[in-house]
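Several structures are given next for inspection.
After this come two complexes, each holding subunit A, first together with subunit B and then together with subunit C.
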Partner chain A sequence: MTKVLMKGNEALGEAAVRAGCRHFFGYPITPQTEIPEYLVKRLPQVGGVFVQAESEVASINMVMGAAGMGIRCMTSSSSPGISLMAEGVSYIAACELPCVIINMMRAGPGLGGILPAQSDYFQATRGHGHGDYQVIVLAPSSVQEAVDLMTLAFELAETYRNPVMVCADGMIGQMMEPVEFAGEPDALPPNEMGGDDWALGVREGRKRRIVNSLYLSPDELNEHNLKLKAKYDDIAAKETRHELYGPEGDAEGGGGYDLLLVAFGTMARICKTAIDDVRAEGLRAALFRPITLNPFPFADLRRAMDAIEGDGAVFDVEMSMGQMVYDVKLAAEGTRRIEFHGTAGGVVPSPDEVAQKIREILGAAPA
Partner chain B sequence: MTPHGAPAATVLPGERVIALVGAYGCGKTEVSVNLALHLREHGLRVQIADLDIVNPYFRCREARDLMDAAGIRVVIPPGSQAFSDLPIIVPEIAGMLAPPAGTVSVLDVGGDDVGARALASFRPLVRDGGYELWQVINARRPFSDTVAACLEMQDAIRASSRLRVTGVVANTHLIEETTEDVILRGVELARAVAAAASVPLRLVAVMDEFADTPAVRALPEPVLRLRRRMLPPWLARARTGTRGATHAARSVPLGKPTPERFGLSRGGRCHG
Partner chain C sequence: MSKATDVLMAGFGGQGMLLAGKLLAHAAMNDGREVSWLPSYGPEMRGGTANVIVCVSPEPIGSPLITTHAALVVMNLPSLEKFEGRVRPGGVIVVNSSLVERDPARDDCVVVTVNARRVAKEAGSDRAQNLVMLGAYVGASDVIPPASIEKAIENEFSGKKARFVPGSIAAFRAGVEIGRAAAATV
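Showing the complex of A and B:
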C-alpha cells in the first residue's frame, strides 16, 4: 500500500472501514466533522451504511441498536457531543455491547471553542454517564497511531463486549501526516462480531435473547455489577499500553533520567521535542506516554517513576487544567514530587515553553 | 512554458486575482501563503484573503503575522471570529476582486465544492474583473489520485462556484516523507488533468529541499518553492492557538522578509 497524505479524521474513517466497520451513525461537530464527511463518501463504496442522525443522543442509540444486532459499528463526535451521548454509553456498557466511539476533543467547558484540548480526560476515564461502568480509552499521538489504534479499538470492543473510546485532541484530527494502512483491507471480517450467543436477530428456533440494562432485583443488579467489575479488572490486568521515550530514543529504560514527564496525545509529541532540546543541553529528561488512558498504566508508570535518579520529580503536562495528573499522583503514591503545567481554551504549549519548565524544575539556567 | 532564468514576472504575468481551489486538504493554504510571499518578494503589492469556510484549523489566517511582517494585506474575519468555524465572508473581499494596477489578490478558498461555494456570491465581480481560478492537486490525497477523480472535483467546484477553472497547480507531496518520485508522478497526473480540461498547468509547487534537484529544475513548468508555514505544534516556536505567531517555524524567526528566509532568490523562475 502506498503512503497517502491524510488528515487524522479521514485516516480514522478509513481505518474503521479497514477494520471491517460498515455502519456509522453520527452528527457533525468541529473538529471531527471530516470523519463523517469521509465516511459518507467511503462507506457506500464498500456496501456500508452511513446515517447522519438528528442528534448525538440519536447517534449513540442507533449505535446501541446496531451493536445489539451484532453489527460492528461506531460513532464519532467532539466534546459537547460526547457529553450528550453519556446516557447511551452507560446503557451500552450495561448491556455489554461492543462499539467504538471517537472523541476528537475540543476546548470547553460548555460550547467552549473549536481548538484542541485534552480536558475530557475525566469524562472519558471517570464520569461520563451514570453507574459503575468503564470505557476502554485509547489516546493516539499521531495520525499513524490513530490508524493503528482504530483496529485495536474494534478488537478490544469485541473481545470484552464493551464500548471503546478513541480519545484524541482536535490537533490529531486536523493535522495531516503521511499514513500507511498495514495488512489486508479488512483487518477484521466486516460485520462479524462473533455475537453467536448474545446478538439479537431472527430467532430461527433458538432460545430467546434479551439485551437489557434493567435489573429491578437488587441482588441481580449487584451480581451484574460484580460481573462487570471482574471484566474491568481483567481489562486492567491485560490491556494497558504505554510508551517510554527515554534517553536512548524510544528504547525502554535506556539510560538514566532525572525528570520524568508524563503526557499523552499531541502534548506528548510537544514534550518529545522539548526533551530533545534539553537533552542537547545535558539535561536528562524522559517521557512516559500513556496510550491507554483507561485502563491507566499505573504499574508501568510507577516503574518508570522508580527509575528516576535520586529524588527527581515527575512533570505532568496537559492541555487541561490538570486531570490526568490525579492518576499520576495515584501511581506515585506520594513517593515523588509531582509538578504540573497546563493550558486551556485551545492554547497549545510550545516545545520552548515545556523546555523552559523542565529547566526550572531541574534548576538549570534558562536557554 | 517559461524558460529557466526568465524574470518572475513572466511566470505570473499580470494576473490580478488568483483564487486557489481544489479538493479538501490539497494544500491550497500552503500554496496561497507561499505564492503571496513570493509575489511580494518580487515587488508586487499583494493582498490575501482567507475564504476558507470549511477548515477549522491550519487556515491561512494562522500565518497572518508572517504576512503582516512581509507587508501583505491579510483579509480575515475580525477578532475572535477568526477562531470560529462559522462561514464568515468579510465584505472587504468584494474590494479585493478589483485590485488596483500593480496589486495581486490571492484568494485561499476552502476545500471541495463546498468550500468553493464561497466564491459564488462574488461571481459577477470575479467574472467581470478577470480572474484566475487554479485547481491545486495533491495526488497523494484521498479521492485525488486519478484524472477522473480530479476532473470530477473540478466539475463540482464549477457547479458550486459557477466559475470555470483556468489552470492547474501540481502540489503532490507527503510532507516529510516526500520523494522526488512522489513529486514527479504528481506532476504527471496534474499535466494529464490540465490536458483533459484544456487548461494550462500553471505552477508546480515543490518543497524547498527538492526545488533545486536536477529533475525539478528540468521541469518546463514554473516552479514555486514552498516553505512549510502550517506547522503542527511540536514544530512550532510559539504557542498554538494564540494570535498569529501560531505557526512560526522553529528555525525561521519572524521579521522582515529576506530572500534567504523565504526561500526565494531574485530573478529566474519562482525558485530562481
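Showing the complex of A and C:
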C-alpha cells in the first residue's frame, strides 16, 4: 500500500467507493463540494450511479428510495443542507434503512459561513429531525481517520439498519494529508447488505414486503418505538469508540494527569498540540477524544475522569458555544468541575490559545 | 532536516502558492515524513490573499492550524503585511520583490528577496514564479532535498502538462541557488 496525498473530501469519496458504495445522491454546498465533484467522475468508472438532485430534500429522499431497495448508498452535505434533510433522515430511521450521510460542518446558525465549526453536535446526536430516533455519529480528526471511518460507517449502517452520519468539519474536508486505503477496493461486498428479508424489489413469488413509517395504531407505534429503543441501547452497549491521548506511552510525562481535556474532530488535534506544549513545561494534561459522538462513550469518559489526580478538573473545548459539554457533564454526574472554552463563526482556536487556557486552569504561569 | 517545521505560503489567488505548497507536501510525504496541507478557503476580498500552511514533521501532525510559522513565502504586499509578524524569530521570510516594493520589517529572520518574475523569465518559464519562490524557500531553509521537489514536479505535470517540467525545474533550481546564497550570508 502506498500513501497518497489527498484532500479530505476527495479521500472520503474514494473511501466510499472502496467500501462498495455505488450510489450517491447529493447537492453542492461549500465546504464539501469536492465529495460530489470527486464521485461524479469516479462512480461511473466503477459502474456506479451519481445523481445531482434538485435539492437536499430530494437527495435524502432518493437515498431513502435506494436504501429501501437494499442498495448501499450515501449523500453528503454541510450544515444548512443537513438541516434540510432532517425530515428524510427521520423517515429513514423510522423505516430502519441503512445509509451514510456526511456532514462537513460549517459555521451557523442560518446560512452562517463556510468556515469550519462543530456546532451541529446537538443536531447530529439528538436525533436531528422529529420523533424518537437516533443516528450513529462518527467524528474523524484526520483525513486518514475519515477514510477509515467510512468503511465502518457502512458496516454499522447495515448491521443496525440505521442512518450513520460522518460528522467532520470544513477543515478536514479542505485539508490534504497522506492517506492509505486499507485492503482491496470493495472492502465490503457490493450491495449484499442483508436485504434478504426486508428490501423491496421484484417479488418473485415471495411474500409482500412493506417499508413504512406510518403506524396509526398507538399500540403498534409504541411497539415500534420500543423496538428502536432496544436497538439504540444495543448500539450504545457495543459501538462506542474513543481515544485517550497523553498519559499512555509518554515516558516523560508519566502516566498521571491533573487535567482532562475533552474534544473531538479537528479540535482534538489542536488540543493534542497544546497538550504536547504544556507537558513540556511539566503540566500534566491529557485528552479524551470521543470518536463516536453517538453513542457517546459515557462510561469510558467517566473512567478517564475518575483517573484524574486529586480534585483536578475536566476541560471541554469545542468549536461551538458549548454542546458536547452537556454530555461531558452527564458523564461526570457532578463529580468533577467542568471548564469550557468555545469559539464560533469559523474561528478555530489555536494550540497556543488552548495551552494558555490549560495554564490558567492549572494555575501555572503564562508561557 | 528531519525536525518538525512549517511554512505559510501566500499570494493572490492564481499566483500558485497552493500548488507550491502541494509540491512541498507531496515531496515530503514521498520522503517518508508526515505532512499536512491546509489551505485558506474562507471568503477573501478581491486582491486579498490565498494561502496555505504546510507542516512537515517526523511525527504525526497535531494541529495543522498554527498561528506562528517557521517560514513565510509571500508573492504580494497584502500577504507580507498580513503575515510577517507571525514568523518565529530565526525563521525564513521569502519575498517576491517583483511585486513587493518594501523589505520585511523583521531583522531577526533570514530574509530572501527574489525577483520571481525576472528569475522565472530567465529560467525560460514565465509561469513558474511560484516555483522560483518555493526554490528560494527550500534553498534557504534546507527543509527537503531539492531533488525530492523536482520529482514531485515531474509527478504533478504528467501527460499533456509534461512540457512544463523542464522550465519548472529550471525555475525551481534558480530559486534554490538564490535561497542558499541568502542563507549563507547570514
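Here, the second predicted complex is superposed on the first by the 359 of 367 C-alpha atoms of A that agree within 3 Å, B and C clash if a C-alpha of one lies under 4 Å from a C-alpha of the other, contacts with A are read in each partner's own complex, and residues count from 1 in each chain.
Criterion: a contact is a pair of C-beta atoms (placed from the backbone, for glycine too) under 8 Å apart; a residue touches a chain by one contact, two chains touch by 3 or more.
All of these numbers come straight from a predicted model, not from anything done at the bench.
Partners subunit B and subunit C, brought together by superposition on subunit A, clash.
Look at A:P28: by the touch rule set out above, it reaches neither subunit B nor subunit C. Greater residue coverage of subunit A by touch, when subunit B is weighed against subunit C, goes to B.
When the two structures are aligned on the shared chain, A:G322 is found in touch with neither subunit B nor subunit C.
Once the two complexes are laid over each other on the shared chain, residue contacts for A:P80 go to neither subunit B nor subunit C.
Contacts of A:V347 after superposition on the shared chain: subunit B is touched, whereas subunit C is not.
Of the two partner chains, neither subunit B nor subunit C is touched by A:G256. Looking at subunit A, you'll find residues 3, 5, 30-31, 113-115, 170-171, 174-178, 266, 269-270, 272-273, 346, 348, 350-352 touch subunit B in one structure and subunit C in the other.
By the touch criterion given at the top, residues 3, 5, 30-31, 113-115, 170-171, 174-178, 266, 269-270, 272-274, 276, 346, 348, 350-352 of subunit A touch subunit C in their complex.
Of all residues in subunit C, those touching subunit A in their complex are 22, 25-26, 29, 34-39, 41-43, 61-68. In the complex of the two chains, the subunit A residues touching subunit B come out as 2-7, 10, 14, 30-31, 34, 37-38, 41, 113-116, 170-171, 174-178, 266, 269-270, 272-273, 343, 345-353.
Put simply, subunit B touches subunit A in their complex at residues 24-25, 55-58, 83-85, 138, 140-143, 173-177, 232-242, 250.
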